[in-house]
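Got a structure here, written out as structure tokens. Questions coming.
Chain nomenclature is as follows: A, B, C, D, E and F, assigned in order of appearance, with residue numbering initiated at 1 for each chain independently.
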Amino acid sequence: MSADYQKISQDGLWTNNVALVQLLGLCPLLAVTGTFINGLGLGLATLLTLILSNASVSAIRHWVRPEIRIPVFVLIIASIVTIIEMLMHAWVPGLYNILGIFIPLIVTNCSIIARAESFAAKNPVLPSVIDGFMMGAGFLLVLVVLGGLRELIGFGTLLDHSYLMFGETARSWTLSFADGYRGFLLAVLPPGAFIGLGLLIAGKNYIELRKTKHQTVKLQPVIENSSTA
Amino acid sequence: MNRQVLITALVLTLFAAIGGGLVSYTEQSTASQIRVNDKMMLLHSLKSLLPAQRYDNDLASSAISIAPHQLLGTTKTSRAYSATKNTDTVAFIFNVIANNGYNGKIYLLIGVYTDGSIAGVRVVRHKETPGLGDAIDENRSSWILNFNQHSLSSLTEKQWKVKRDGGYFDQFTGATITPRAVVNAVHNTLLYYQQHKAVLLQATTKPVSPKE
Amino acid sequence: MQFNSATSSPHMMRDDGISQLMLQLLFALTPGAIAMFYFFGWGVVFNLIVAISTALIAEAAVLRLRQREIKNTLLDLSAVVTACLLALALPPLAPWWLTLVATLFAILLGKHLYGGLGFNPFNPAMVGYVVVMISFPREMTFWLLPSTINPAALGFIDSFNLTFFSQLPAAMSWDSISSATLLDGIKNHLSQGHLLSSIDTNQQLGNLFGKLAGNGWEWINLCYLAGGLWLFKNRIIDWRIPLGLISSLSLLSLLFYLIDSEQYLSPSTHLLSGGIMLAAFFIATDPVSASTTPRGRIIFGAGIGVFIYIIRQWGGYPDGIAFAVLLMNMAAPLIDYYTVPAAFGKRDQS
Amino acid sequence: MITALLILSILAAVFGLILGYSSIRFKVEGDPIVDQIDAILPQTQCGQCTYPGCRPYATAIANGEAPINQCPPGGEATILQLADLLGVEPLELNPENGEESGPTVALIDEENCIGCTLCIQACPVDAIFGAAKQMHTIISDECTGCDLCLPPCPVDCIDMVPVKSETTNWKWSMPVSNDSTPKAK
Amino acid sequence: MFQLSHFKGGLVLDGHKKISTSSAIKPAILPARLTVPLQQHIGHTPELLVQLGDQVLKGQCIAKATDGISASIHAPSSGRVSAIDEQAVAHPSGLKALCVTIETDGKEQWCEPSALKQNYRDSSNQQLLNIISDAGIVGLGGATFPTAIKLQSCEPATINTLIINGAECEPYISCDDMLMRERAKDIVLGIQILQQVLAAKQTVIVVEDNKPQAIQSLQQALQKQAIDNIDVITIPTRYPTGGEKQLIKVVTGKEVPANGLPADIGILCQNVATAYSVYRAVYLDQPLISRIVTVTGDAINEPANFEVLIGTPMNELIAQAGGYTANIGGLVMGGPMMGFSLPNDTLPVTKACNCLLTRVTEDTRQIPAQACIRCGECAEVCPANLLPQQLYWYSSSKNFDRAQDLHLFDCIECGCCSAVCPSHIPLVQYYRFAKTEIWAQEKERKKSDNARQRHEFREARIAREKAERDEKLRLKKELLAKKKIEEEGQQAAVDPKKAVIEAALARVKAKKDNTTEKPKNTDNLTPQQQQKIAEADQRRQQKDNKDEAT
Amino acid sequence: MIEINDMTEFALILLSTILVNNFVLVKFLGLCPFMGVSRKLETAIGMGMATAFVLTLSSVCSYLVNEYLLAPFALEYLRTIMFILVIAVVVQFTEMVVHKTSPVLYNVLGIFLPLITTNCAVLGVALLNVQEQHGFLQSAFYGFGASVGFSLVLILFAAMRERLEVADVPAIFKGNAIALITAGIMSLAFMGFSGLIKL
């Protein structure tokens, strides 16, 4: 069982990463990653939604007929998102205002319905929750990495606007690199989002390529052993 | 067959009801906090225009509605806020639109003391070219603070222009249009205030409900 | 007797190759480049030097990384062509790092991420140009008055300091050196609600006007036109793209000029200002990223003309050439798909 | 809150009725995609894909249970066609399923055949004929080269031989590309 | 008279014809050994008529055309069949193919003349077609399509224009030129036969304007015989005007529909040498056993045209042309645009071999290909109005569907595109690769469809048999049960031992019945397969006999 | 009656949604199908058509729901739920009808239809309609313009990707990476339209 969970984690965080491999949930991913904090905020909201929706979908999986499966799932997700939206509006209003339309749009974040359909609808609650968590964490990871990179290149800062999420004390968290850096606007404009994600995927491919190169050498005896056994 | 249809409808209804119930519940429990937040947000931007010691009223609930006017660049009824200290009106804050920005409208909040001098100017929303026209944003440069304290009397009509046009205010290198538009809007607001001062002061004595 | 028989017919090949093609293109660029040097001074030369060296180094580095053959690929000169076209499109006062960034993006993002020569769907030079245009709009307005009317033309040393050290000559400010180009100036002029006929009274703009179009620009454009015609004569470029571009631009500008000559510039001004001739004969004709069918090429050229006009007249950028080219690059595969010529014997059927 | 629940429930009920009704009204049977996939597979019926024949593999692909790169006889061409049909990225042939090799046919060494009929029962396409105690023969036109008849033969009299290359079935090869020309995926 | 038109694309190439036209056609000497491939034409391989060791006479048919598209093969000279085996032949694959090797006896002894010895004008069309067919005549313009079949396949009296193709547009080749210069009269006689067979309303001989002597001699021949229903038309020299469709376009202004044949628009096109062969077959009763071959190029000492027996080894021909110069780099069969390079010079001359082109080393150097820059030069010159650059993209990426959408199969492989490509891409080879690959896939597809059917059939059969077996079993059980009841009643009467024996016998019998069932999978077979089965049965019998003997 | 003023307004809405504020390249909506079904031109065209239909229809439907159900009862907070329900039903219903009535069309659109539910653009249009206070016709035009903008770039992108398939792209960039970068350059090109319509 634990191996199972390990596989789920690895899937969510790396091998089957929502953003880098499945290319789902791209809209918020690209739209709100102008800064690290924005990415973090939306990432957490999405993570929460994923966990809750996976849990509820898995819990009711035996009760829904195929023709209304999608409407029901969508209803559940929409309710969860609306609740999260209101909570954010109430408790982190600054972030709420910046993320704007992309909070309700978590509903249509393809990764959520995709997980509901392909995992939660077929598995018991606990694995579904873990899957939701891992998938969400993988997504969150990409959001903050992309947000961080774009902020760094675009403005030369990191953690700017943290106070939106962590309150006034966080105003001093902003890290500024290289005074007099003029900023490279491409990174924060829409094209930069696409190109940035493209580069991230290429980076992942690079790591995998190196890994397989190492592996093919190592793996061969293992295969032989198993076949002779 | 009919049974199947009914079950389908029932299941969907059930989930809708559960979802709706949860959402409604959350709405009720967060509604007041959300209202507080929204007001705080508004207050936050209004406050940045006036030093705190200059007024003592609740700015956000002192809104008056203003008919559309060319000098304010508005085409719909807009809102202004009045600041009072000890029930004396000390300043007005106008929602102003500069229509001739480089890439479109520039939305401004402009605070004017009752004596006709500028309390502060802030950009609310704009589409000017990043890296060029966006220096009007307080986050990007302090250019916008140059207006503070100026009035129709402190600068002549000719000086209410950017330097390239022979006026008092700097332009940005490579961008004249945006500052020109903002200077123009501020100047127009002062003119508007000059023309409507009496009406405005009267209006504040009987506050309009902010709902309007 | 045994022979090597690895090849298929035909057993004839042409002697020259891509390098010669590119060389002729560079040759055809020289009149225009010299004219630009004459009107805008040393900055043009510095741009060229920075761009070409960056391009070659970047290309060599990529080839090295990809473990590809380096020397012959560099010698195909396509990177040099890209660098030259880019350098000639950038403002003469551009600081060195701007040219460097633009060239890097052109060669790396625009060309080699797609696999190098022949595979890039977008015009690399224009990718580089647009990247710096949206990232550094301030520097991209660093044009200066043509030397003929510039009271403060910069010498070699001043230009050098400016380009490489951002050092202004004594007693000069950016605002006093740089000047809007004609198109930019007119755009500002119009946006303030002025009419074109009032240009004479506007001292700054009146000066910018030459005989046919922008002062200086008219000659530069004519030089590019001459180079382009020479290319055409040598069958390096196809007539369809330039013709499509020039005719659609002239038609549109003529139409609006006839409707209201106070708001819209005349066709001759449009055609001979900015980089139109450079674009029509050297940039839009980049075969790799353009449409490749005969009919498609006319549509491609015409589309660029239309977009240039729209962006110039109503858009946010003074000269929309780069955007227009990229927009049509984007459409080229689809155009190709729908404009396949009827094969021999298929005319009556399809 | 009551209105909220009421309106939402009514709307949901209406939609539920519509969907429930139309799901019956517009019911469709069958899955054409399996046929399309099956049409692409080479029909060697060799089972190297780990499924008992081409159609089961096609069904598995259609259900999303199997990747498209498990059919060695089809090799690259089949993978490309499947990728095209299904709109997915082409993959490399999975080496665990075997390697792509040229077409082969079975050849029975007629001297040694004892006529046991075991190979007949193994052949998925009835390409062997013969009866008990008679010499068997492969109808080479029909043989798909699946190798399935080799293991059952008690006297090892069946060989797989490559299909002979003749001027009539010879194929031009792709020019050897140097680095700058495009390569096949 | 004729309003000449022109086709899009094409190239003006340097002719290089003069180097091989300075001397008259020379007869090639008889080689000691002739290697005659059976497959020298488009279509099926003919059926072999001779056996190892047979004596053959010159002109004797050694392989007979099969049904469908096929052509007969004749012995080019008299001698003994010394081998019937696979030999290297002139084919781009370099593969071997079945050949008949004849050791010549030097007697050049002709076989018996055929029965028909009358004026062709009195012969029926069918008789003439038989002669052409029996003579193994194939199109000598390059495609080697059996001429009789081509003539036969068009509906009677639908041909308005018979075009005799004397364009010879490829550089270096001059065999048609020399033939027209020296044997114009015979060509005209051949054309008249074709005219009669086709009942063509109008006949033109089309020659490129770089062959003035050929034109002149054709015109003289026509004048001398006072023939006025054949015209000689001079057309501008431009490669590939000689291509059938291009030629028709130039002469008539009409385009042959893609996927169509010239006959669809009332035109038939034959090469001059084909017409000449027809003359030889009808007037002289000589089958197609020799042809004119241009031996030329920049690496041969005495370029000239030779009349060569089919099967002659190329190196002997080269030797007669003075041998190679020192800088020989390669040998091409055909012209520089469409020919293919040969791996060695010991291969036999075939009906398709119009030219042996020697290349100097410098011409055979390989300029490495660069990336296609989509310059469109290739599209500019493509006479088929294709987009070679796009075809190349899709062929090289094996996206064959798109390549076919872009009319890959309308490519005539003329080579113009490769010749002008600044990136030196071997475009034509990509197209050939794609075409052969598509054909192979098509075959595979047919085969796999067939396999699917057979598999499904088998599955169904197994299911049916299983059902039948189950049914039988059930019946038997019932029967047994019944019997048991009956038996129980009669138990005392019958000896139990006997019953057991009987039951066992019955079982054995049943088993036997089962095994001697007919072979299961012989339904659904084509006649060819049935024939093969019959052959196998024969072998089986032989083997059984042998088994019994041992 | 539609007046000239309205006409220009509608024209501007169309122009704005198609070019200046293109949903995919500028507003970042509908990216998953944009990346997911752009491998083949034919499928992209099918997806474009399906989305255009659903987007326009649901834009109008959600306007109606908002105007006549939510606003009168002050239930704006249920907007997301209601809208997504409407969209899901429209999509599901369309799918079933098409599946039954036109198997050919279904073959073309079939697998994409369910995907549309989770296309942000659809919900985005509905929400933006409310945010921008669009009227009925405005909503319809906005939805239509958005879907045309979506389909346009989707189809252009698909045609480009077919070319990319063949290109000698460095191994690590093959596939999605280079596709995203291409989309980035497309978005770069669309920046040229910024400032075109000064709304």
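Just so it is clear, a contact is a pair of C-beta atoms (placed from the backbone, for glycine too) under 8 Å apart; a residue touches a chain by one contact, two chains touch by 3 or more.
These numbers were taken from a predicted model, which means no experiment stands behind them.
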Legend entry - Shortest contact path, chain A to chain E, counted in steps: 2
Inset, instruction - Select the chain at the greatest separation from chain E, using centres from the mean of Cα atoms. - result: B
Inset, instruction - Give the identifier of the chain nearest to the protein's overall CA centre, each chain being represented by its own CA mean. - result: F
Inset, instruction - Sort out for me whether D-F or C-F is joined by the greater number of C-beta contact pairs. - result: C-F
Inset, instruction - Starting from the mean Cα coordinates of chain C and chain E, work out the distance between those two points in Å. - result: 54
Inset, instruction - Determine the centre-to-centre distance between chain A and chain D, using the mean Cα coordinates as centres, and give it in whole Å. - result: 37
Legend entry - Whole-Å separation of chain centres (CA-atom averages), chain A against chain F: 23
Legend entry - For chain F, residues contacting two or more additional chains: 77-78, 81, 85, 89, 92, 96, 162-163, 165-168, 173, 178, 181, 185, 188, 191, 194-195
Inset, instruction - Please set out, as single numbers or ranges, the residues of chain B touching at least two other chains. - result: 4, 7-8, 11-12, 15-16, 19-20, 23-24, 27, 102-103, 129-131
Inset, instruction - For chain C, jot down the residues that touch at least 2 other chains. - result: 8, 109, 115-119, 131, 134-136, 316, 336
Legend entry - Interface residues, chain B side, partner chain A - complex: 4, 7-8, 11-12, 15-16, 18-20, 22-23, 26-27, 30, 33-34, 37-38, 40-41, 130-131
Legend entry - Contact set on chain D toward chain E in their complex: 38-39, 41-45, 53-54, 76-77, 80, 84, 110-111, 120, 124-132, 134-135, 137, 139, 141-142, 144, 165-175, 177-178, 180-185
Inset, instruction - Give every residue of chain A touching chain B within the complex, in rising order. - result: 60, 63-65, 67-68, 71-72, 75-76, 78-79, 82-83, 86-87, 89-91, 93-94, 97, 183, 185, 188-189
Legend entry - Contact footprint of chain F on chain A as seen in their complex: 23-28, 30-31, 67-68, 70-71, 74-75, 77-79, 81-82, 85-86, 101, 104-105, 107-110, 113-114, 189-195, 197-199, 201-203, 205-206, 209
Legend entry - Residues of chain B defined as touching chain C within the complex: 100, 102-103, 129-132, 164, 171-177, 180
